[in-house]
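Both complexes shown next keep chain A, but they swap its partner, so chain B is in the first and chain C is in the second.
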Partner chain A sequence: MNAIIALIAVLPLLLIGIYGILARRHLIRIIISIEIAMSAVILSIGTLATVKGSLGEVLGVLVIIIIALEAALGLALAIEMDRTYGSVDILEIRKLKEEEK
Partner chain B sequence: MPALIDQDLYSFAYYFSPIITLLIGAIIVALITLVKRIKLAKMISYIFMLSSLSLSFYFLSRNVEVLFFNNLISVDNFSIVSWIALIVGAIISLAALSEELLKREAQPLLLLSLAASLIVVSTRDLILLFLAIEASVFPAYVLVAQFKRDYFSLEATIKFFIFGVLSTLLFAYGLAITYGISGSVSFLSLYNYFEKSLLGSEKSFIILGILLIIASLGIKSTLVPLHVWAIDAYQGSPTSIAAYLSSTAKLTGIIAIALLLSTAFKPIFYLEPWFRYILAILALITMIVPNVVALVQRNIKRLLAYSSVAHAGYMALVFVFPSETLPLLGFYVLTYSIAKAVSFLVTNRISGEGSESPYEKLLALFKIDPLAATTFTVALLSLAGIPPFAGFMAKFLLFLNVAFSSILGVYLALVALIMSGVSVYYYAYLIRLEVIIEKNSLLKSNKTLETDIMMIISIIALLLLTFFPSYFYYQKILF
Partner chain C sequence: MDLIIDSNTLLYLVAIGWATLFSFLAIRTRDILYSAVFLVGMYVASAWALIQIGAWFLALIYLFVNAGGVLVLIIFAAMLTRPTIDIPPTKELSRVAFINALLIVALIASMILISKSEIYTSFSSNLSLIIKLLFNDYGITLFILSLAALAIYLGAIYIASEEK
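Right after this comes the complex of A and B.
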């Protein structure tokens, strides 16, 4: 039962993050939303580690590594996007669709 | 299960040698690329990939079955057949890599991503599965972004990246739920946990976790509501990288779902009978939507992308009946991997690495570059499932077994059959274009020896594999 509380308690944070990923247009804001959602997952895993044993702590550290990598790659992409397109608005990148016509 | 359980590091290095070979190869090739010896680097990449492939064939012939490190990693028939299919796709993409990509870091990244993909199919633990999938997808992001000053390439990267990150997020939360409820992450203990009767709230949560993990892997393997990134990513990325994405990277996701559903999550099928129907609906729309949309395409790369999504739908039939049809997936992924990667190889040869590949580029291909035209025809016929080629045998066996599994299977196999018929239209349209002779053709084929060799080998493989399907069945999964 404790495990379920730990999973439900982080849901608001997770949903804020997912809303940000889906609704924001600015690439950096999207990356920040990803960070928010992933920190909800880490919070949940960290709480679960107190209930279910130390495997969760290992998992938490591994997830932190993965988000750090994602943030690095995402920021690199944002810089490249700014250099190439002159903006970081993801709604401006629709050349592939236009080319199709 | 009478398997050799071994904790010895030396024997681990022996049985894991195909992957270790690739990792060593990645380091050596990275160093050689640093000093700008491109031709040498490519040759060495070939040597390492081919030795990895031959090691896999050697283990396949020896019927190896070993579990390592407390059921963390398994080298069995399932892993080895999947290794072969994944390595073959990567070798063909390596042949397609152009000079510009070779000057950058494409080869070591390809080797690293491939090695991680091989770990995905041989792991029997959710944490390692998560890490290996991330390790295989991060080099893929960088591979797609190789031409970062190109609008299309950058657009493809950003779409691929955002969906990839969403997939990571879903997997992480699914993993948290699965771990939080069951308290374990290895496939064996999850299987044992699911076999017990579960309480109401625990049961619904664990099913949410499983669905999240499947959705996350479904983004990787382009199941339909989650396939939107794939079309743009395949079109915008360099063509050789699209070959890699559509064969190896995509099959990693599909094999991972099949692996989970036939090992750790297997009891869920009789615990919750409606779970099968969710997967059936997923397979159904993944078969119908891309086949219909592909009919109106006017770009070769986009068409091949839609066709690869449609094939994900046929492979998703295995998820609906994992215990009956899993053996056939091994043969299917191998033939799909060869045919799809080779069709992108030919596209690369006639239209280069860019995203512009209109249908007109195919006009009079039979006259200008007969070998490429023949290979493209063979690959497309194999993808469509026309008899003399291996794709036919793969589809035939898969649909037959799906139809024999239950009454739901009969309907699914019927839809799959009709959709295969629809797909013949757009494949045949492309083949027809190759024969039309036009005086001012746009076509400039850049012939090279290695793509010639690769195409001849692929034609022979697609013809010969028809007669030996049973060698590449998934016979056994240890966990």
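Right after this comes the complex of A and C.
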């Protein structure tokens, strides 16, 4: 497996994730986009395993734990935002907060 | 720089292509539940790509945590934050489910091939070395991460709970 080809192939996945984070307004969809971008990171770390051996896999496992934590916290915040403001649209919530002020 | 593409690399590129397509569909679809279905396809395709590298241990952990844990959280959050409407299964969704099933079959076939280590891929996961690294060399890191995980999960429960 050529590591350079593997890393270049992962790039579109990362770009789609970043596009989703920047372009979407729904909080859950933003979390899905973060998941996609982090998947590209895990695939890159997996490629590192072919060069550095098991160290790459150990780093990958630690990153997977962090992704799961981020998702849990983000989704809990989404539920709380829906309960408080009645929406998970980040622009709508910003408007509501400005109106409150 | 050697850029020869062998059959293993070609299969890796196919898996990455499928993962990219599914991720694009997950971003573009209007309904969150449909996005979750496409996300499963992305997870399975990514795990398949990791198996093509030879990192089957990482692929398994990735699939267990994401397709088993994070996806369920996303579906529950989607169900809790939107009005409850019954979406009838469409031909499009059935087609995606069929593609996902095909990907899972391909994944199992890859796992059977990869079990003959060093034959199919130049690198294969070494479980004893991973455990040694994870619990000895990176034991402190794992411990700190576990404590952070506990704190974050308790925080998430507190945030999501109705009575504070």
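The rule we apply is simple: the second predicted complex is superposed on the first by the 91 of 101 C-alpha atoms of A that agree within 3 Å, B and C clash if a C-alpha of one lies under 4 Å from a C-alpha of the other, contacts with A are read in each partner's own complex, and residues count from 1 in each chain.
Definition applied: a contact is a pair of C-beta atoms (placed from the backbone, for glycine too) under 8 Å apart; a residue touches a chain by one contact, two chains touch by 3 or more.
It should be emphasised that the depicted structure is a prediction, and the values quoted were computed from it without experimental measurement.
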Fit or clash - chain C, chain B, common chain A: fit
Touched partner set for A:Tyr85, first chain B, second chain C, both or neither: first
Which superposed partner A:Val58 touches (first chain B, second chain C, both, neither): both
Touching partner for A:Ile66 - first (chain B), second (chain C), both, neither: both
Which of chain B and chain C A:Leu7 touches, first, second, both or neither: first
Chain B versus chain C as contact partner of A:Gly20, first or second or both or neither: second
Contacts of A:Leu77 with chain B and chain C, given as first, second, both or neither: both
Touching partner for A:Arg29 - first (chain B), second (chain C), both, neither: second
Least Cα gap, in Å, left between chain B and chain C after the two complexes are fitted on chain A: 5
Touching both chain C and chain B, counted on chain A across the two superposed complexes: 1, 4, 6, 17, 45, 53, 55-56, 58, 62, 66, 69, 73, 77, 80, 83
In the complex, chain A residues that touch chain B: 1, 3-4, 6-7, 14, 17-18, 21, 27, 30, 34, 37-38, 40-41, 44-45, 48, 51-53, 55-56, 58-59, 62-63, 66, 69-70, 73-74, 77, 80-81, 83-85, 90, 93-97, 99-100
Chain C-facing residues of chain A, complex: 1-2, 4-6, 9-10, 12-13, 16-17, 19-20, 24, 26, 28-29, 31-33, 35-36, 39, 42-43, 45-47, 49-50, 53-58, 60-62, 64-69, 71-73, 75-80, 82-83, 88
Touching residues (chain side chain C, partner chain A) in the complex: 1-5, 8-9, 12-13, 16, 19-20, 23-24, 26-27, 32, 35-36, 39, 42-43, 46, 49-50, 52-55, 57-59, 61-62, 65-66, 69-70, 73-74, 76-78, 80-81, 121-123, 125-126, 129-130, 133-134, 138, 141-142, 145, 148-149, 152-153, 155-157, 159-160, 162
Chain B to chain A touching residues, read off their complex: 127, 130-131, 134, 138, 141-142, 145, 148-152, 154-159, 161-162, 165-166, 168-169, 172-173, 175-177, 179-181, 183-185, 201-202, 205, 232, 235-236, 298-299, 302, 355-356
